[in-house]
């Protein structure tokens, strides 16, 4: 109860505490659990109402699993996810539906995220009907408004997804996410499958919609410049753990963790300069170490790092990082 | 070798595909040269014809439905479009090599890495198996794969994406090609791995004196790795110039729009500049200048709507296809 | 795409598949052939019957053919009418009904039709009088007791036995000859289509419903349910189906219905495996995840989002399954485990080709054999065509 009060007072819409999602590795005829893949391993973060939280990481860092766990699409191993002060992880199917109305998702691939057998109208109508928000002529009106909000026209209602381009499909995906008037939208790499000239349109659209509907975003991406544009706070994930978390301007100006530095230095900037061969630590095949997960690639790691896991600690105001060396 | 050092010269290449809905003009009237030891980047969005151009150079367009409708491709002064398939096979993989986007699917999962590189070597060079094996090991060392001797016996699934792309590169350069076509070589990889792979390509280009045709959609990659750039839009080259010039003085409105729409790292922007509209599909190209429906200048201009501007030299070594480009002869 | 219709409607996947399917001539030909078979099966008693349509007996017009039609015949007519109505409605929906409302409208139409069909068939079965008309109208004509008779095209009944004309090769009276008890082969062939087609459809209907439900549950839930389900399926598959069928048939009375059910409950394993594989794949597709994340109920996720996307390979296997079921029925009848005579079936006719005296009566083997061959081939080609129309990868290659 006390915690609930605290959450409300701090005005956090989402508060993730020590979330773990481990996938069992089953072996043998009887499918005994032989071990675990620690996709998400003990992460905590908070998202204030109306802000955008960026989650960055390379493939396999667990960012998508984290998002899907929060959306209750993947079963969490342990931890707490407070949404509006209420832990959503132990909720049952019937109670979950109430939460599902408030948290929606935008997916990466605009081609696989729309049911190819349904018209745009039915895709948008179904959640409205199921949650008994609108029906009849009101339903049609709502769908038309939704389509116009995301920059499509009401005449698209009776078309099928295959008749749209990638960018337009992503707009439909966004319209679907907004249909239930959610409080929070989880965007799972919403622009990484799109062409450069379309990316900027979608990013602007997401920003406009946020202002219009006071949305809170959990924005997942591997592209640091996209995350910088859209986020207020950014967390960097590496092998299932958050290694650094800070307000966006701080993180990009003064990165503390060596992994964040590596990421930032690796982005090819659109400024012409023929880069001569630079030195990058070569990725050795993941060496299982008991200590810091980044130890194998870290330029400054020592024996202490190999044996101990660095905790996520606040090094400056609002700037947390998990590294012994800062 | 020619006097001016041009390795590959593509002249007025057009490649069409027959589909049920009509002829898709994937590549139209594309011309460019690549000099020895240089990198030309072919930039563009999906469906602009950049990959088809690469496949046309390799003569790997599936026919039917595809067909190289017009143009000449001179590789070391020989028009390779006139070569019989048998001779082309000798050039492919030997003089011109290609690496692809998906390192996960471009290696055969049932053979060891060693077997696959050795096969590529013995196909083009008179080497015994032992010699080829030796050479393959050297190649793996050259692409900085740790413990090459052990890796030779491993199967592709044991390697990460970046490592697989290294193996692909090792295979591609094993015959010391004069031209390497890299079709989105790093799109499927993480940024840190991308930097490593691009560094590797740079290093190899210098040590082997190789020309690279780099196909990508990422302007950041272009800025850092290319000598010359050709921007493709809807089957044609919209602008072509040196890399420096493109980023400092873009002339085509499409190039300008693209550069403006990128989120810039380190600058807090409130909104991004955008190019309106959607990327056109090869079956539904607009009339006139193909960019006019999305162009801030051309969307209401009669001439842009009806007549297509050809690619012309607007200043020294700077080509653009826009009626309103500075210096464009009318 | 806009030009397809001026109402700004998109082309649905079904319409795309249909366009692709009808583009191929072989497909159309096979479809027509099967349509002809269907018509023949439905109107069998009107094409081949020893009762005349009209006859004048003692100056009174009689309609013996119509008065002797059984409840089964009427049920078949009703089913055919409703089937055609449904096809017509589907066609009309795609032209007149907003795609937005189409599936709801279609469900309404299907349920209404199903209700009408069920009520109709039960009423027919209860209230149609069973009349046995043993009158030999031919004899009456010959005796000039009656005049002005109009007989069907093949004026013989399938149950007629006439030892006098047994084992005759094709002639002008009996176009395809007669069998060992003197029945007309053509007549039995026509009535046999009923057995073959209905076995094909009902058996495959039963097997695909079991297969789809079973496979969908395994594929969606995965884990323990899938593990147990797969083991059960493996047990089913390791039993030689044909011998199982023969064993079961030996215990139960030989009726057409039993054979259909038995074939149905023994051949669902392939469908279940197809659907399970599809559902596994679909389960992780983003649009299914999106449906879950929007809080849609399981019913909607399984049957609105997943099934229409995963049913394509099963549709193909259903077409092949119909061919398979026809084969199994023929084989069973050939071995004498099938439909009890005098009900005609192609397999059973085939078995009479070698007479008890050891003679080989070629026409008794050739004609039913050809019928089985062409029907099964038509279904297989249809399945092939459907697969090509459904698979977009193949679509681009051709």
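We just call them A, B and C in the order they show up, numbering each chain from 1.
Throughout what follows, contacts are C-beta pairs under 8 Å (C-beta built on N, C-alpha and C of every residue); 3 or more make two chains touch, one makes a residue touch a chain.
Remember, predicted model here, so these are calculated numbers, not experimental data.
Looking at which of A-C and A-B shares more C-beta pairs in contact, the answer is the pair A-B. Taking the mean of each chain's C-alpha atoms as its centre, the chain lying closest to the overall protein C-alpha centroid is A. Centre-to-centre separation between chain B and chain C, using Cα means, comes to 56 Å. Annotation: 52 Å between the Cα-based centres of chain A and chain C.
As a whole-number value, the distance joining the C-alpha centres of chain A and chain B reads 32 Å. By the touch rule above, chain A contacts chain C in their complex via residues 31, 68, 71-73, 96-97, 100-101, 103-105, 107-109, 112-119, 121-122, 125-127, 130-131, 140, 155, 157-160, 162-163, 173, 176, 179-180.
Those residues of chain B that touch chain A in the shared complex are 45-46, 144, 146, 160-163, 190-196, 198-199, 202-203, 217-225, 227, 243-244, 246-248, 257-259, 261-266, 268-276, 278-279, 281, 294. Per the touch definition, chain C reaches chain A in the complex via residues 1, 7-13, 98-100, 103, 227, 285-287, 289-297, 300, 304-305, 308-309. By the touch criterion stated above, chain A contacts chain B in their complex at residues 58-59, 165-168, 195-201, 203-204, 207, 222, 224-226, 228-229, 248-249, 252-253, 262-278, 280, 282-285.
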